[in-house]
Amino acid sequence: MKGALKAAAAAEMIPDGASLMIGGFMAVGTPERIIDAIVERGVRDLTVIANDTAMPGHGIGKLITAGLVRRVVASHIGLNPETQAKMIAGEIACELVPQGTLIERIRAGGMGLGGVLTPTGLGTEVEEGKQIVEVEGKRFLVETPLKADFALIGAWQADYVGNLAYLLTAHNFNPIIALAGATVIAEPEAIVPVGVIPPDLVKTPGVLVDHLIVRES
Amino acid sequence: MDAKELIARRVAREIRPGMLVNLGIGLPSMVANYVPATLGVFFQAENGVIGLGARPPEGMQDPHLTDAGGGFVSAVPGAASIDSAMSFGLIRGGHLDMTVLGGLQVNQAGQLANWKVPGKMVPGMGGAMDLVTGAARVVVAMQHEVKGQSKIVRACGLPLTSLRRVDLVVTDLAVIAPTEAGLELRERAPGVSVADILAATEAELIVPADVPEMVLAP
Amino acid sequence: MKGALKAAAAAEMIPDGASLMIGGFMAVGTPERIIDAIVERGVRDLTVIANDTAMPGHGIGKLITAGLVRRVVASHIGLNPETQAKMIAGEIACELVPQGTLIERIRAGGMGLGGVLTPTGLGTEVEEGKQIVEVEGKRFLVETPLKADFALIGAWQADYVGNLAYLLTAHNFNPIIALAGATVIAEPEAIVPVGVIPPDLVKTPGVLVDHLIVRES
Amino acid sequence: MDAKELIARRVAREIRPGMLVNLGIGLPSMVANYVPATLGVFFQAENGVIGLGARPPEGMQDPHLTDAGGGFVSAVPGAASIDSAMSFGLIRGGHLDMTVLGGLQVNQAGQLANWKVPGKMVPGMGGAMDLVTGAARVVVAMQHEVKGQSKIVRACGLPLTSLRRVDLVVTDLAVIAPTEAGLELRERAPGVSVADILAATEAELIVPADVPEMVLAP
């Protein structure tokens, strides 16, 4: 059984300089209350690993606007002009990663694999500086695994075991980053009694989740 | 009919019954408007759904159901939710029957550049590199020229998206099929001559004796 | 929309010498009706890629008993003495693969990855003859991807789009092999109208499934 | 109390509240009998469930709910279904807090052999190699000797399961902790002397001044 924290208490756990994997795709499925609490607390020099940086005023965009992020590993920052401006100004270091490679690198980190062998990026700028291996006569990039100090999850339902279920396109990176954070904090839309979520609907087993955020009213 | 609608209507005719298709943001997304529901085509949004449906009526949007551009969509009966690892597994593994993407340049070898203009536009490649590398069929939908400059070039000045040769390029002037032999001119847009196309194209085109006019989806 | 075939019609598609990935763990989640039809038809020289070969009289065990299998790629054959006896007699070639490596090799084959980088098997007999790569100072085995001519899936519910849902421990290899078969044949316990399976319960999207087996009464 | 029950009762005391634990087939599976439900421990069956429960009463078996040996089990409230890729992702990624496995031999370096007796028993490694390589804590539960031969040996004659040094070995005679320095004798079974253990052990043991008697779970 896990207790449920207020978002502010979760933000207290996150030190300056921490690396955060954050779920969501253009802020859909992003844990907004945790993000608001991080902004409120003013945690600095964060590394954010996520699909994108959303747009100003939404999800990860709030962290960017508040100047709390020093490094971004993402597949797309095109819809957040602030991220691009800060990257060009040298305030944020951006590593841009093909989306399918990014999610597999996170999965590899979370599942104890040594990396990802992918054809994506071969012969492009993405290849630069990377190891290439040949398997059965074909060449593949070796992409390194990714882990983070914290994974911040947006979920639909949780129970007090920590099991999580997601809705529709709000799955995205969430079930994968839950494997790769040293500490996993989930912000569900609702917390239901144990036994309410059918075992076959659980996408993140509770054993992966360290803390739940309680619904604040 | 404006150039974008013409391109979308022509691309729509590439789609076969039962296909799984991914449409990029912008022009490519217009293709869905010209694919009849009776074809039983499933559209994938790489952010997490197979069975993408039309924009819902006002008041019926669900914040958990969006497309890759972040816009509200609906889901058709028989839709499936997928996480990002499954989504790109389908793409990289060739289970995606067709992807339609916008382009900045296509070179003589049929390779696409569409993700970066160094010093100007560095949005990140998103899913484009996986889509072009992995999809069973890659269709580029773009205007033939930009500011009087051909986008079909001998060599891409812009960074490549993938080494993979795309399967078809549909522009407002022509349909071009990259093949091992080179870029084959296959069709002309209505009212456009082969000479017009050659004049607007920097790359070398293979021109067969007969270049029919495009047939557009209704 | 996909029509539903009788199991015998599905078995007709499978030629001698075909490679089959078959779902199930000790016959739980194995498509028994397809297997019965293959035995009935007497397809020969099969390669079977599966977690195990079950036990005589159950699931894959029936193919072994009937002498239809020439090669097995599995993690465990210990509960089927016939498989072991035929292996020792040289009638069946067995490649034994750690279970976690086997499922990842199948996933890699189905998802277009070049192989698997795993620490499992390093320094053991499993390492023999394999490429080793070093990533960030750690050594990993390169395990090759696996694909098959057919994936034979045991599922709980299907709809006529081909979407599949599974129950409890009958998931096992099924959702993964659905990615790696050139032709995917699913044997559900029930076929329900399109729209009945909630999108969030679909574990195998219908676009992966080529044929459904109808319930025979 | 027979040897197996003694081992199971001692291993049970290694399990901490809230852990995710995988118990191997045979002797290790007996450990669950001595873990109180109040600990909130979740058992994983690697074939696909977290929250494995007791064998169900006759007539209440579900053919979709079995353990890694193929036997009928139940699921506790809060259980989760997992496919094999997730199951071994949890194992290899270190999310499994403890695995308890049987053993054929443990060598001086604390490495385990438990999957093959060449020419005699070649069942395949199943999940054992991933479990020993990946679990956060590996506990070997086995009899100290077989047919008068020590199973704690200087060098394994049998093929290794993993290069990884296991964390604890619990036998019917002793508890031994493999460390960087070697195999440390930690506890004696009730009524067994250090001399008895040394006599029954081929490998060299580090013997501290005080070797307390095992405390068993009730």
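Each chain carries a letter (A, B, C and D) given by its place in the written order, and its residues are counted from 1.
Going forward, a contact is a pair of C-beta atoms (placed from the backbone, for glycine too) under 8 Å apart; a residue touches a chain by one contact, two chains touch by 3 or more.
Only a predicted model underlies this, so the values are computations on that prediction, with no experimental measurement involved.
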Partner chains that subunit A and subunit D have in common:
C
List the centre-to-centre spacing of subunit B and subunit C in whole Å, with centres computed as mean CA coordinates.
35
Please tell me the distance, in whole Å, between the geometric centres of subunit C and subunit D computed from their C-alpha atoms.
29
Taking each chain's centre as the mean position of its Cα atoms, how many Å separate subunit B from subunit D?
55
Note the residues in subunit D that touch 2 or more other chains, in rising order.
49, 75, 81-82, 88-89, 91-92, 134
When you check subunit A against every other chain, which residues touch at least two of them?
104, 107, 112-113, 118-119, 166-168, 171, 199-200
Per the touch rule above, enumerate the chain pairs that touch, sorted by label.
A-B, A-C, A-D, B-C, C-D
Mind pulling up the subunit A residues that touch subunit D in the complex?
1, 107, 110-113, 159-161, 163, 179, 194-195, 199-200, 202, 205-208
Report the residues of subunit B in contact with subunit C in the complex, numbered from low to high.
20, 40, 42, 49-51, 75, 77-82, 86, 88-95, 134
What part of subunit C is in contact with subunit A in the complex they form?
104, 108, 112-119, 131, 133, 135-136, 138, 140, 142, 144-145, 165-168, 171, 199-201
Can you check the complex and tell me which residues of subunit D touch subunit C?
45-49, 62-70, 75, 81-85, 87-89, 91-92, 116, 121-130, 133-134, 159-163
Where on subunit C does subunit D make contact in their complex?
25-29, 51-52, 55, 74-79, 84, 87, 94, 96, 98-101, 103-104, 107, 118-126, 156, 166-176, 203
